[in-house]
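Next come two complexes, and both contain subunit A; in the first it sits with subunit B, in the second with subunit C.
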Partner chain A sequence: MATLRYLPLAQVPQWLDGLAKSYTVFAPAREGSAVVYRPRAEGSMPELTARPTESAKHVVFPRAHELFSFTYKADPAVVGKRDLTLTQPQDPTPTVVFGALSCDARGFFAFDPVYDGCGTKGLAKDVYYLKRRQNTALVVLACRTALATCFCNWTGGSPASREGADVLATLVNDGLVMEALTPKGEELVSGLAEAGAEQGAAAEASHTAAEATMAPVPGAPLDPKAIADAVLARFDDATFWQAESAGCLACGACTYLCPTCYCFNITDESNGISGVRLRSWDTCMASLFTLEASGHNPRTAKANRLKNRVGHKFSYYPSLHGGRFSCCGCGRCIKSCPSSVDIRRIVQNALAAANVKE
Partner chain B sequence: MATNTAAAPQRPSCDASTPNPYMPYLATVVEVIDETPNIKTFRVVLQDADAMKSFTFQPGQVGQLSVFGFGESTFVINSPPTRMDYLQFSVMRTGENTQALHNVAAGDTIGVRGPLGNSFPYESMKGKDIVFVGGGIGMAPLRTLLLFMLDNRKDYGKISLLYGARSPQDMAFSYELPEWLGRDDLDCVLTIDREAEGWQHKVGLIPNVLLEMAPSANNCVAITCGPPIMIKFTLQALEKLGFAPEQIVTTLEKRMKCGIGICGRCNIGDKYVCVDGPVFTLAELKEIPNEL
Partner chain C sequence: MGMQKELQAAIKAILPEVDCVIGWGSGPDPLHGAPLFMRSEDDANRFASGFFAVNNPALFLPEYKGKKVAVVVKGCDARSVGQLLSEGLIKREEVSLIGFPCQGVVDHDKVAAALGEKGEMGEVTAVLEEGDALVLTLRGETVRLNKADVTAEKCMRCQYPNAHIADTFVGEKREPVATADDFADLAVFEAMSLEERQAFWEKEMSRCIRCYACRNACPLCVCRDHCVATSRDPSWLTQADSVKDKLFFQVIHATHLAGRCTGCGECQRACPVGIPVLLLKRSLARSVEKLFAYRAGIDEGTPPLLTFTLEEPTIKERSW
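Up next is the complex of A and B:
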């Protein structure tokens, strides 16, 4: 294990100000009743107690960003002829997310294979995502308790999971115990004082205590293959999906808050002779998502759309990516759903339906 | 649980040499052909001469056409890879971007991304008889493979084409039809839905005419593309004629954005039409969830 370091809470703003000289620093901050990840204001103390409403996904995968810009310019030599140039945006700057949750860090694992050309399938690589991904360091703040909506343990996570983190920070008494997990993480914390043995033990105890607050996985050990099969087995069961989506308002909040939802739209915005092609978050819960120019739509009903969302996370994605769910169990979709749609309940109901059949 | 607790994957990365799949080639429209009241064909040449020279694709692959400021949509490359003077796309006017494309004139610059998607399994069709069944704009992808096969004629057995449209005016590639009808190495049948003055070919819906033609399924592959309702009844007709699902090839359409298997809207279960398609055999379609 790497050397543990200690950062007194009072020195957090100063330490982050130091990091800000070399990195763009995102940290959780209050915004109305929500806690969101924002570029940190100099000297400010991040919100470290309330659970962030959103995930840190947008730091690596912005809500909207430019793919390229285009400019038309009249050719002075030929009347009516216009030359067109395309310009790619500048590469992203090195970035640190301070206070990401362990589920957020693990959420990027759902993006990675898809945006990296699907491994052996050798598809195109999404350079915009990959550049930000490799330029972003994640300082994960270990959760001290599980919320009622948390189910990271269903997906192999835990409140203080080190997976995907560069640094694991644990709140103990009046400071943070910092454990570097990657060379990038070591670079961030190397200037901090070493933690004492007591502080290290307190961090360890905090992890164990947090783990104990997690509700156990129902029917453990959970069998991902059985879940994938059970969800797929409901594909033609319209009654099942109508019942599960009865309360759904198709607002899309679940997809926007989800650390693993990665679907996007591409649109052009132009202003006379110049403009940009943008990539922006999209939501499979909207009927326009799949509406074709002919008027045909394979997913007109919200039941079809919820089926695709749950099916993708627990069946289609695992079948393509080594059995891993496209879900990190953060529970934000449950917590922020205006009509209490609970993705855990849908999965369990699918399992139950599969068992009845057999 | 095992798969989900497996060691955390490595974080992916890229470098300056990784190509950007979202950057279109700039292409000059060299010719615009008015095919029907709502279909235009665009012949384009990539402005980067080296890129044009090294551009390779397989019959059935698609490209994304951009009119900058409007957007990007997917169309099959309907000229064959055996004729590389230009890349040809036929566009039916249905929405914003296709309207913008219809406003494009020869000499204008558009964007082209491609080739994307899979292709017709033309290798495994060698030595076999081929039946093409195209309806309306669905003739476009068939045209690519038809011309490719005509350019490699000795590799294939008997080649038949049944091409139908609502009316003579709705028949794209009409200027090529006399040549196709005149070839003795191609059995070409044309049909329209309703009688029209001066029409000297078949009148009737494609599936019915196909049953009349009654091609033998023996050592034969049928390739069909067209509007969903035509596909539905054509598949039924082919099965009635004894074609096994493995002998029937078709192409699917979905709303697409990225074209490279990421953006998430063209999936049917775990298949992405943009990378696993657009070409599927009926046998493959029977394996995937029913969500066309």
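Up next is the complex of A and C:
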């Protein structure tokens, strides 16, 4: 284990101000009733009590990412001919997310294979994503309790999981015990004082206590293959999806708060002779997501759309990417759903339906 | 819970006549209810009315066009049904309403604020209602909250707690909380200068994630998949993560709802990042009430902004 370091809470703003000299620092900030990841204001104390409403994915995968800008210029010599100038935006600056949750860090694992050429399959790599991903360090704040909507343990996570984190920060008494997990993380915390043995033990105890507040996985040990099969088995069961989606509003809150939803749209937003090409978040809960150029839409009903969201996370994605769910169990889709649609219940109902059929 | 049992009996009585009964059940934690679609007695046994029955079930009615459904309605929900009826968006003979004297519903943001450092809503493992108090259990301790302190704003000014249209009314009608709407919530906002208001909205809208939960939670937003906000042809809004586009949509939404919004507040409740979007609609509702003496969802007849009168009696067009 790397050396544990200790940062008194009172020194957090000062430490982050220091980091801000070399990095763009995002941290959770309270705004109204929400907690959102914002570029941190100098001297400010991040929100460490309430868990962020949104995931930190927009730091790496912006809501609207400018791929390039364009300008047309009329050629005075040839009528109707226009010259086009394309301008690449600047490369992203090194960035730190302070106070990401362990589920946020693990959420990027769902993005990585998709945007990194699907691993060994050697498909195109998405440089826009990869540059930001490589440029971003995650300081994960270990959760001290589980919420009723938390189910990271279904997906192999835990409240203080180290997976995907560069630094694991654990709140003990009046400070943070910082454990660097990667060279990137080591660079961030190397200037901090070493933690005492007692502080290290307190961090460990906090992890164990948090783990104890997690609701056990129903029917453990969970069988991802059985889940994937059970969800797929419901593919043609319209009654099932109509019942599960009855209360769904078909809004995009679930997908936009989700750390693993990675779908996007590309549009040219022009203003006269100049404009930008944007890659912006899209959601499978929207009608336009599947509207084809012919005018045909294979998913006109919200039942079809919800089927896709659940099917993608628990069946189609795992079948393409080594059995891993594209869900990290953060529970934000449940917690912030205006209708309390519970993706865990849908998966369990699919499993129950599969068991009945056998 | 007498009311709960009585409502369940009314639901069971109507089940054989309808495709389903829309009401409320329990949600993912003890502080949250969820819409419930009942088709059997078992379903009806899971019905839960009361302080956590927050969702407006009128939202779902247009989806059941051509089928007969019953819906359990709070007073504010009945207003939405009334407005849907007066706009011809649902048919009276296809909807059966079960009303009851609503005692108000929870505002989750207020609960979260009241809990503060004591913990998050998702840590609450049990909730007991003891008279005017809510007793929450979290982190092994109990926290007492005054219900009045965590009740939705709309309930604090409620003039119509008893569904004003109901085919079955369960229980005794209760006195309204208020006899008129003083729009006090707007006074605070209007005390600001125009520049301050602009800054207020820019700050609030900057955290909008463009999920359109506000739109989809609105029982009167009936364009659904054909909304101006997402139309690409023509394209009115850009996909940019810009306050301008986000605010533009809110203004469109509020304008489309002028004289139609019944103030159920579902837009604001649905917003995952807590943007006070109801304010804009409240401002327009006040204007419509003042200009046309029209209360959306309550007064019968064609809503004033969906029709045209050469000489509006309340608008001075010539005799300045």
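Just so it is clear, the second predicted complex is superposed on the first by the 355 of 358 C-alpha atoms of A that agree within 3 Å, B and C clash if a C-alpha of one lies under 4 Å from a C-alpha of the other, contacts with A are read in each partner's own complex, and residues count from 1 in each chain.
Keep in mind that, in the parts below, a contact is a pair of C-beta atoms (placed from the backbone, for glycine too) under 8 Å apart; a residue touches a chain by one contact, two chains touch by 3 or more.
Keep in mind that what you see is a predicted model, and the values were worked out from it rather than measured.
In this superposed model built on subunit A, subunit B and subunit C occupy separate space and fit side by side. Once the two complexes are overlaid on the shared chain, A:Gly247 sits against subunit C while remaining clear of subunit B.
By the touch criterion defined above, A:Thr155 reaches subunit B but does not reach subunit C. By the document's definition of touching, neither partner reaches A:Lys73: not subunit B, not subunit C. With both structures placed on the common chain, the touch criterion links A:Glu292 to subunit B but leaves subunit C unconnected.
When both complexes are overlaid on chain A, the residue A:Asn265 reaches subunit B and subunit C alike.
Contacts of A:Arg30 after superposition: neither subunit B nor subunit C is touched. Set against each other, subunit B and subunit C differ in how many residues of subunit A they touch, and the higher count belongs to B. In the superposed model, A:Arg82 makes contact with subunit B only, not with subunit C. In the overlay built on the shared chain, the residue A:Pro62 is in contact with subunit C alone; subunit B does not reach it.
In this overlay, which is a superposition and not a single complex, subunit B and subunit C have their closest Cα atoms 6 Å apart.
Common to the subunit B and subunit C interfaces on subunit A are residues 265, 267, 269.
Within the complex formed with subunit A, the residues of subunit C that make contact are 27-30, 32-37, 55, 59-60, 109, 112-113, 116-117, 119-125, 139, 203-204, 207, 209-213, 215-217, 224-225, 230, 232, 235, 238-242, 266, 269-270, 272-276.
Considering their complex, residues 31-34, 36, 49-51, 53-54, 62-64, 145, 147-150, 243, 246-247, 249-253, 255-257, 265, 267, 269, 276, 278, 280-281, 283, 286-288, 300, 331, 334-336, 338-342 of subunit A touch subunit C.
On subunit A, the positions that touch subunit B within their shared complex are 67-68, 70, 72, 81-84, 86, 88, 106, 108-109, 112-116, 118, 121, 123-128, 130-131, 133-134, 155-156, 163-164, 217, 220-225, 232, 235-236, 262-270, 275, 277, 279, 282, 284, 289-294, 296, 298-299, 304, 308, 311-312, 315-320, 322-325.
Per the touch definition, subunit B reaches subunit A in the complex via residues 1-6, 8-9, 11-14, 18-24, 26, 66, 68-73, 94-95, 98, 107, 109, 111, 228, 253-255, 257-258, 260-265, 267-270, 275, 289-292.
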